[in-house]
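Every chain is named by a letter (A, B and C) in the order it is written, and numbering of its residues begins at 1.
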Amino acid sequence: MNKVELMMKSLQKAFNQSSDFTVRQVDWREGTSAILCFYSSLVDAKEAQKLLDTIYARLDTNKPFWSETIMTTLKAFSLPQAIEHICNGETLIIIPDTGEMLSLTIVNRVHRNPDEPNNEHVLRGSHEGLVESVETNLALLRKRIHNPSLVVKSFSIGKETNTKAYYLYIDRVIKAETLAEIEKRIDAINIDYFYSVGQLSDELEDSVWSPFPQLLNTERPDRVVANLVEGKVVLITNISPTALIAPVTFFSFYQSPDDYNGRVLVGSFYRIVRLMSFIAAVFLPAFYIAIISFHFEVLPLELSNQVKNDVNEIPYRPLIEALILEIIMELIRESSIRLPQSVGQTIGIVGGLVIGDAIVSAGLVSNLMVIVVALTAISSYVVPSVELNTSIRMLRFPFMVLASLFGFFGIVIGVVVLLIHLINLSSLKQPYFSPIVPFQPKEIYKVFVRGPFFKPTVQVTSFSSPKDDSVKNGDTP
Amino acid sequence: MYRKAIIVLLVVLLAGCWDERLYKNSSVVSLAGIEGTMGEYKGYYAYPKTLDKQSQIMLIEAEGISPRDVRNNADLKVEQTLDLSELATLLISIDTVKEPLYDLLDIYFRDPQNPISIKVAVTEGSVKPFIELTKEVTDNAGGYYERFIESTEKNTIYPKLNLQMIGSTLFDNAKDIAIPYIKMDEEEHSAEAAGVALFSGQVFTGKILDPKQSFYMLLLMDKANQHARIQYMLKLNNEDVPVTGEVIHLKRKWIINEEMKKITMDFKIDVEIEEFSKNHLYKEETFKTIEEMFQQKIQADFEEVIKILQEQESDTLGIGRYIRAYHPKFFEEDWREQFASLTIEPKVKVTIIRTGILR
Amino acid sequence: MNFSLSKGQFFLLLFFIETGIIYISFQTPLISESKNKAWVLFIVATILHYLVLLFFERYYRYFYLNTFFQWVYKVYWFLMIATFLAYMVYVLASWVLPQTPEWIIILFIVALSLYGNISRPETVINIGVMFIPLIFIFIIFLMLAVPDLTWTNLLPLEFNNSKEIIQGLIRSVFAFMGAEMYLIYRPFLQKELTLNYKPILIYQLVIFVFYLISVMFSQMFFTIEEIKLVPEPIIYILKSQEVTFVKRLDIFFVYIWLSWSIITVLIFNLTIRVVHFGIGKKGSKKAIVFYHILLAIIPLFFVKFKVIETMKNSFHYIILIFTFLLPILIILWNKWRGKTCIEKQ
C-alpha cells in the first residue's frame, strides 16, 4: 500500500466514513498523484472544477506562484488544519510528495434572498432583510456604511459546532467601556453546541430572569445601521438572520424605522400611540378587574347601569373570567403562528367570531371583558419588537392577580415594583431605563417625539448623572 | 412544597381579599328618599334589577331610629348588598327638614363610599310617590331626578347645588341654603319643579318660594344659568302684550352703608328680547317704554323676594359672607337677625341689547 | 454610599421629601388654627423657609454630624417614617380599604421600600421622575373645583390675635418637613455645580405654588367650621368633583397620593442609609433588612385615631426642632469651632 492510499484511509477515518465526504486520488505533476477531498454537500462542484482546470494548466508551466489565485492558497499539510478547512467547505488537494496542501475556497453558500423580514414590516423605507449568512449580511451593512471605521471582528461560538459569529461597531463612535464589556462577555461564553441565537443572548444579557429583553433583536439592516451610528455593538451569527444589538434602552424597543421614514409629526404621533399602548397592554385588564370587584363607584351612573347589566349573570369572579379569555387569546396566537397562512385565517375566524360570540352568549364571560381583552391584545401587538411584545403580554398576568387581590392598591404595588425593576435593570452595565435614570429632563421629550432631524442619541453609560454640559439638565423638577 | 404553594395561590385567587365588593353582588341604589322625624325615620331605596335582560326598578322601604339604622334595616330586605356608592339623587320630605338637616346628611359625608356630588331635593309630602313614579318613566331612578333637577337648574329655577355645597353652607352662619322643591302634579301624575325651600341655618323656615320668586332670587344671587327668561305682561297703549326677555349679562354691585345699616344693590341687566308680537322695537319710543317697564317690574319683584328672605331670616344671597369679608366690623355673630333688620334696596337698570333676528 | 446628583435630581428629591404624605392633610390644622389668614401666614412661612434654605446652602459645609447626632437623626427619621406609615395606613383604611388588615398594607409598603433600598441609590433617587406627570394631573383635577370656590372665604384678614398668628406659622412647618435633608444630600451634588439663590428660588417657587394652591383651595372650598371636621381636605375636594368619565376622582387620587408617599418613604429610608453607612462605603444588606423588619412592626402600634390625632397636634413642634432649630444650632456650633464636614471625594 503506498503513501497515498494510506493517507486516504486515514482521512476517511477522520471523517467517520461520512457519505458526503469525497476523497479521490488524482494525477499530479510528473506522474505523481495527489488526494482531492471535500464535502460534496458544501462545495460548488462546477466552479471548483473550473478552478482546478486553471491550476492544472498552470501546473505544467512550472511558474513559481502557480498555486496563488483569489480563491486558492498553498500551505504545509497538517491533519487538524486539513480537517478545519474541509469543515469550512473548502476543497483540499493534498500533495503527499511535497507535504503541502492546496485549498480551494469555493463554498456552495446556502441562503435565501434578502427579503423583508416577516416579523418587522415597515410601510416605507428599505425592504431588505438580513439572512442566515454572515457574508451576505455584511455586504448589506457595508452597502450602507462606506467607511473603514465600521469594524467587523469575528469570533466563533460553540466548542463543538464552531459557528462563525461577528461583532460590529463603529470606531470612534462606540464608547471604550461598551467595547470592553462586550469583549469580556464574548470571552466568557461557554457553549458546546451552538444552534440558536437565543443561547447567545442568554449569555450576553445582564439579568436573564428579567421579563424585559436587554438586547434588541432585529432582522432589518437599516435598523442595525441606525443603532451602529448611535455607538452600539451589533452581533450577527452565521446561522440566524437575527442581529443582536446592545446596549439598548427600554424606549428603543418602541422605536421603529417607520418613525424616521415618515414625517416628523406623523412619526411622533405614532410613537406616542405606541407608548400609550404599553400602558393599555399591561394595565387595562388589571384596571378593569379592580373596578369591577373593588371600586365600581368610580363609574358614572349611566355607564354603571350598563356594566351592571352586563356582569350580573356571570358565574365566575372577574379574575377567572379574564383568565379564561386571556388563555383563549394566547391559544389563538400560538396556533396561528404554527399553522400555514391559509389555515391561519380559519383560526382567526373560529377564535375571534365563533368563540368570542359563543362565550358571551353562553354567559361565561361578559361583553365588556371581551372588549377589554381584545383591546389589550391589539395594544400589545403594536410594539415593533417581538420580544418586548411577548414580555408585555406576560406582564399583565401578575397585575391582574394583584388587582383581584387588592384592587388599585395591588396595581400601585405592582407599578412601583415594576418601576424599581426597570430602573435597576442594565444592558451591558448601562442604564436600561434611560433617560429616566439618570434623570435628564432634556432628553425625555425624545422618548415621545421623533426630532426633526436625525442626530444619533448617545446612550448614557452610568447610573449617575452625566457631567458634561450637553446633557446637564434644568433647575427644578 | 410547590404543591402547597399552588394550593395557597388557588385559595387566594378563588376567595378574593378583604375589601372586595363584587359589582355583580351589589344592589346599586341610585335614588334614596327619607322622611319622618328623629327616632322614627322611614327610608326608600330604588335600585335596578335585571330579569331576562330587562331592567326594572325595585323599591325597598325600611324604618329605623336614625338614617343609618334605616339603611341597615333596608339591607335586610335585599338579597344582595345594598350599595349607595352610585347614588345620584337624595329626596327628603318637607316635613323632615323642619329638624336640623345635617342630622340626615351626616352618614353621607362620613362614609367614604358615598358620593357627595349628588343632587338633593325636598318633596311635597311623603317621598314614596315620587320614587314610585320613576318605575313608569325610566329604568334609572336616580338619573331621572338628576336630569330633572339639572334641566331646571339650566332654566334658572333651581340654584346649582350638590350635597357637598349644601353641607358646606350648613356650616356657614353667614349664608343660608335654598333647596330645590318638587311637587306632585296629581292630574298628570308627574313630578313638577315648584320653586325652592328656604332654610334658615339648619332648619326649613316653612316658606317656599314659587318658581318665579326663586328665579328672581337667583338673579339677585347673580347665578343666572344658561337660560334666564324674564316674562311680563306689559301694558302698551292700553293693550296687554306679553314680552319675554332673556338675561344676557348681569352686573351686580353692593354698596354697604354701615351707619345707616343699608345695602344698596345696583343691578345692570342686559336683555335680549325673545318674544314681542307687536314688532315695533325699532321705534325709539316703544323700545324705551319696554326697557323702563321691565326695570320697574323687576325692581318690584326683587323687593318682594328680599322682603320674604328678610322675614324668614334666610340669607340665601350670601350678603353675610360679603360683609364678613369686606366689612368685618359690621358683621355680627348672630348674622341672621342682623340680616333681617337691614334695609336692602335693589336698583335695577335694564338695557335691551339685542332683539333676536327681527327688529 | 457613592453617588452624585445633578441639580434636577437634587431638587426632585427635596420636592418628594417635602410634599409627600402630608400634602393632602396639613391644611386642616393650619386653617383651623389661624382662620381666614392662613394663606397669608403660609406665604410668610414660605419666605422664611426660603431664607433657611439659603442659609443651609451657604453653610452646609459646617453641618457635621458626630456619632451622637447621627443617631439622634436616625432615630428621629425612623420614628417619623414609622408614624407616617401609620398615618398612610390610617388614611387608606378610612378612605378605600376599610377591611384589609393594617399589617398587610404596611408589609407591602415596607417590602417596596426594602426592594428599592437594596438596589443602587440611583434607583430611589430617580424613581420619582415617573410620578411627576401624576402630580400635574393632581393639580389639573384640583382646578375643576374652581367654580365651587367661595372667594370671600379668604377675607377678612385681621392680625390682632398673636396666638393665632404664631400657631399658624408653626403649623406651616408641616409643609416643609424634611428640609434638613437638604444638608444631607447637598454634599452629593456634582462638584462643579454651584447653587446660588436662583435655582433655590425657582425650586421654592414651584413648591410654594404647589402648596399655596392646596391651602387656598381648601380655605375657599370649606368654611372654617367645616374644615375642622375634614382631615384630608384635598381628597375631599376631589371627592366632590365629578367629570364625565369618572364619578369618583378621590379614589384615583388617594392611590396617586399613596404612590407618591411610597416614594417619600423610600427617600427617607435612603437618607437613613446614607447617614448610617457614610460616604463612599458600601452598606451591608443585613442591616438594611433588619431595619425594614423594625419598620414593618413599629407602625402597627400607631394606627389608631387617638395616636394620629396626637401626632397631628404635636408633630409640628418636633419638626420645627429637628428640621430647623437643630441644624442651625449644629451649623453655628461647628462654625464657631471651625470644623467642616468632610467634602465628597
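We adopt the following convention: a contact is a pair of C-beta atoms (placed from the backbone, for glycine too) under 8 Å apart; a residue touches a chain by one contact, two chains touch by 3 or more.
Here the structure is a predicted model, which means the values were calculated and not measured.
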Sorted by label, the chains bordering both chain B and chain C are A
Across the interfaces A-C and A-B, which one involves more C-beta pairs in contact? A-C
Tell me, please, which chain's centre (mean of its C-alpha atoms) is farthest from the centre of chain A? B
Rounded Å distance, chain B centre to chain C centre (Cα mean): 40
I'd like to verify one number: the distance from the centre of chain A to the centre of chain C, where each centre is the average of its C-alpha atoms, in whole angstrom. 46
Centroid distance [mean C-alpha coordinates] between chain B and chain A, Å: 65
Among the residues of chain A, which ones contact at least 2 other chains? 297, 299, 301, 304, 406-407
Residues within chain C bordering two or more other chains: 96-97, 100, 242, 247-248
Two or more other chains touching the same residue: where does that happen in chain B? 17, 19, 85-86, 115
What residues on chain B touch chain A, complex-wise? 12-14, 16-17, 19-24, 26, 28, 30, 48, 50, 53, 55, 85-86, 88, 113, 115, 139-140, 142-143, 146
What residues of chain A sit close enough to touch chain C in their complex? 295, 297-301, 304, 406-409, 411-413, 415-417, 419-420, 423-424, 436-441, 463-465, 467, 472-477
Which bits of chain C are touching chain B when the two form their complex? 94-101, 148, 150, 152-156, 158, 221-223, 225-226, 239-242, 247-248, 250
In the complex, the residues of chain C that touch chain A are 3-9, 11-12, 15, 92, 96-97, 100, 105, 108, 112, 115-116, 119-120, 122-123, 125-130, 132, 190, 192, 198-199, 202-203, 206, 242, 244-248, 251-252, 255, 258-259, 262
Could you list, by residue number, the parts of chain B that touch chain C in their complex? 17-19, 85-86, 112, 115-117, 162-165, 167-169, 171-173, 318, 321-322, 324-326, 328
